[in-house]
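One chain, chain A, appears in both complexes that follow, with chain B as partner in the first and chain C in the second.
Entry: the complex of A and B
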């Protein structure tokens, strides 16, 4: 009788992976990633809290420029573990395949780095959400950042396996920083291959294939490196490398075209009544605050001929019925959803309202100096508050004369002045 | 072979000195390149002041590894003068070479800031070598440097000169105080305890 042994079923790497995930440098990598991003975000909270674009831009910068090199260094340390422990030969004597061992050791680093990023993202989103008036983070940017972190961890691990130098990990961190950071200084379309490049997302959205393409690019390179180091058939590394190589020309040739106009940012939302205050769709929830901040200015202009009927935070500024106002950005005018520096906001609106944008050759002439003095005095009178006037228009005889006028006479004068508020002909501007 | 030569070889000091020299050359090139970019000023040297001391302190920290720690501790002679001399013999030339890499404008991320950062980062690395082991001594400073790199406010001084001392442009007294204290604490800790014995 011939007894044939049943083939031994190899155990799935589940228990080994769970052990690797729980122990070693992996959890520390996740903690350090979350800590690095958390400190960065917390220290600059005034500059992003309440605005999804600003929140995600800073998080993207931190994740790619700081956390990616950190993840690569930690993974490099992990990759050299068997060498440090002198357990290379011991592992070779086990039946488990080399790629399986490597994958089980490398994956936890990638997972923990992404987990640290997700914790920072969740914290930042929770901090922004109450003040943002709806919306949420861009999923495609989250995918790109997470893919970059995972890819850097896998690349770092491959370097660690190959390079047994004690300084390999910190040197890799610095090199990664340079590799990811230097393309930001250039303005060629090849910089879009860099996952750390700063995207301008204020009024744009990534196209649908942006995230898959970037993930295929960074992931393809990383998997190719790990396969070349870990797999028995090293030529298999050509498959992920081919994927990365296929995607790269698409990214480079499209370049800035990977971002399309954001309909919400280009939509203008206005208040009812007259004059209208208009902001982009993203900032619609700020309209009551902006209207209140400009109430003094609009109240003083009410009913005057030539006064603008609409205040908009974008060009064209010099439309007869329209005036431009600054965008209430986070970091200066907005702090956790509240409009601040209201007097400066009103002053900027008044200056834009009376902006003449005339040829340079007019400047310096006596008649033009009179017009400039009149413009500043009127802008000071429009913002109303005495303390603000002391700040922006100190010691102006024109302002004193304007304030001393009787109401009816001042309205008549202002009517003539507003009709010529954007004129470059000094003779049309009434004398104050 | 004489004892000093054996010591130098056992600590891989020639390779560490080479790494420090490469770091200084790279820092000099990077500082020059950054200042040559249009629209950038001397303040653009901030990445050099953050990264070069990090790399130098990593090289110094990992050189503190003792392959035969138990054997070393059986020696009759006291170890602390040798450990201190080892640390200073690497830190002083590294600080000097890196200071030369960022010439001019000492108030805007120049030589004083570089010396301060080398001292502070090396102190943290030496303390880390004593507490968690020499081979991983680069990690705490890397994490700390990364955390304060973007977090530091643009305006120098104030409380940030204490918690974000590596990102201060140069003459801030509190940044110097913290970096000097870090170096003193790290040097004392390492000189007294030596690098922590590592299991793997």
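Entry: the complex of A and C
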């Protein structure tokens, strides 16, 4: 027998991992993930471009409901590779631990899925950034989405190792879609265990431990599943499972409490001068556009007694000199950072301005009909544009009378009217 | 003989069928042929020797270590680092290049990473695929894939090389080169070659073991088997001396087994 030196054990998976990363379904998974998210985002660009929260919310939805099932299916296909390629027998004759071989085969899928997500995130961020007026995506949500994608890839791989059925991958994708999507309709706090749940982030921020807890939950489950199918000592799966089991009660018991108030969203930023136009800190960069959109309305009210001194995009705190205006949301009033539907915006402000919020029993009375007609006519006159008036106040004799008044008389009448703009006493509203 | 492979009482069952029935065998360095009809148990023996399958009973000692029992995990891992195996059905990853695939197997064999790249090139060169080393596996012909199978088996310069039908799909020229390679490898390692092509055994092997119905039907050198063919009284048109010897040994074993 020839005695040869025993080969040095090679621990580093470098070349094998590099090969697995470059070959097979890994790169396709990354490409499909990026394309799926990219096409989804592009198709709904009007609804998110220019707003970080909307951008990340839609990306979160796409990543968890579309890309996660996709990654799971691709990894399932990869997991079943040794069955399809009949390599099991040869691999059993090699000393490398089964879990190492499987980790090297599964990790590229997780990495590629995350890479596809990161590409989509980078593209979406680049598309939003020029119009968002500063800020950026929430790192914690990026971590949660990336962890979910990686976890679904590892879970899918484990399913592929166990299930030799050729249709396992597409069936798993459908099941994963349902498994991730259905909890969104739940009202209980257990829904927060679902990484695909839609978070309300408009004026809230995740707490610091949100991302680590969610990553431990999804990652723990996935690593437990992979360990159970790949490790020689299957009981080792209990360790990651214990990690997942430890954080799950924390997530469920905290529920909505995983999100705290966002100071920037609650901060009010106002223009200088009078009247003030105020938006949340997130939308401070929109103040010039909103001010310009309301310039006609504020100009017509300038100097009138009872006219608001502040326009705020949240319920006024019962101040007579405040008026509420709609939030310039992406998807309707905002398109790539530009305020659009300005006449509608002004119309909504005018209607809110003259909102009387009176008891229902007054409605329908003759005197109240007069007040309503007067309010609509004044709102129409305030928005100024004839085109807009034709849209919102198409046939109003009150408006014609208001327009026909001499300027001085109209200002006098408007002064009396504005003093009673929120009054529920019809007798206090001057006749037009 | 300095045995690198020793099996005793080796029994392998596939469901209710007994593939190997209490077989005792030993092999030392050199090239050994495993001959036998289809279903005789050659592949079962090779699979068990490769440690890819566990025996139902018996003792297996490879390269000085017992590896048959489930508890022999560490010894089995140590032997596997010094072992090369080409299964009858050679599975591979079609998207890998030849270099990547052989390097992947080198990683699975826990080879020293500093020597692996050179070992891969040498193994691929030895099977005559140096010019296709960066070709994807899916672009290779059946014979070339088989040669990649041999390359992956020898990449770690194994002390024990187990080849199951290695020449299937090779053209005559490649087969000649393969036999030369086997003779070369057999100078330092124990090579066990399972085949039903007696020409491979004649030209490449020193010893021959004939398996029939899960039992050892004959053991000897190729010369002895060929001599058995010459002495067997068969018509020379029935085949080469070794083929006649193969038939004679098989019939003799069947007659003995039938008498028992």
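Methods note: the second predicted complex is superposed on the first by the 421 of 432 C-alpha atoms of A that agree within 3 Å, B and C clash if a C-alpha of one lies under 4 Å from a C-alpha of the other, contacts with A are read in each partner's own complex, and residues count from 1 in each chain.
Criterion: a residue touches a chain if its C-beta (ideal position, glycine included) is under 8 Å from a C-beta of that chain, and two chains touch if they have at least 3 such contacts.
The structure displayed is predicted, hence computed values, not measured ones.
> Put the two structures on top of each other at chain A: do chain B and chain C fit, or clash?
When both complexes are placed onto chain A, chain B and chain C end up side by side without any clash.
> With the two structures laid over each other on chain A, which partner does A:94 touch: chain B (first), chain C (second), both, or neither?
In the superposition, A:94 contacts chain C only.
> Would you sort A:169 into first (chain B), second (chain C), both or neither based on which partner it touches?
In the superposition, A:169 contacts chain B only.
> Based on the superposed arrangement, let me know which partner A:85 touches: chain B (first), chain C (second), both, or neither?
both
> Classify the contacts of A:308 with the two partner chains as first (chain B alone), second (chain C alone), both, or neither.
neither
> Thinking of the overlay built on chain A, is A:380 touched by chain B (first), by chain C (second), by both, or by neither?
neither
> Once chain A of both complexes is superposed, is A:39 in touch with chain B (first), chain C (second), both, or neither?
Touch status of A:39: first partner only.
> Who does A:181 touch here: chain B (first), chain C (second), both, or neither?
first
> Is A:160 contacted by the first partner chain B, the second partner chain C, both or neither?
neither
> How wide is the angle at the Cα centre of chain A, looking out to the Cα centres of chain B and chain C, in steps of 10 degrees?
50
> With the two complexes overlaid on chain A, what is the closest approach of chain B to chain C, counting only CA atoms, in Å?
Between chain B and chain C, the minimum C-alpha distance equals 7 Å.
> Enumerate the residues of chain A that count as touching chain B in its complex and touching chain C in the other.
Chain A residues touching both partners: 81, 85.
> Enumerate the contact residues on chain B facing chain A in the complex.
Touch residues, chain B against chain A: 12, 19, 37, 47, 51, 54-55, 58-59, 62, 65, 135-136, 138-139, 142-143, 146-153, 200.
> State the interface residues of chain A toward chain B in the complex, per the touch definition above.
The contact residues of chain A facing chain B are 32, 35-36, 39-40, 42-44, 58, 61-62, 65-67, 69-70, 73-74, 77, 81, 84-85, 166-167, 169-171, 173-174, 177-178, 181, 185.
> Considering the complex alone, what residue numbers of chain A touch chain C?
1-2, 4, 6-10, 12-16, 19, 23-24, 81-82, 85-96, 101, 232
> Going by the contact rule at the top, pick out the chain C residues touching chain A in the complex.
Those residues of chain C that touch chain A are 2, 4, 28-29, 47, 50-53, 63-64, 73, 76-78, 80-83, 85, 87, 89-96, 100, 103-105, 107-113, 115-117, 152, 156-157, 159, 188-190.
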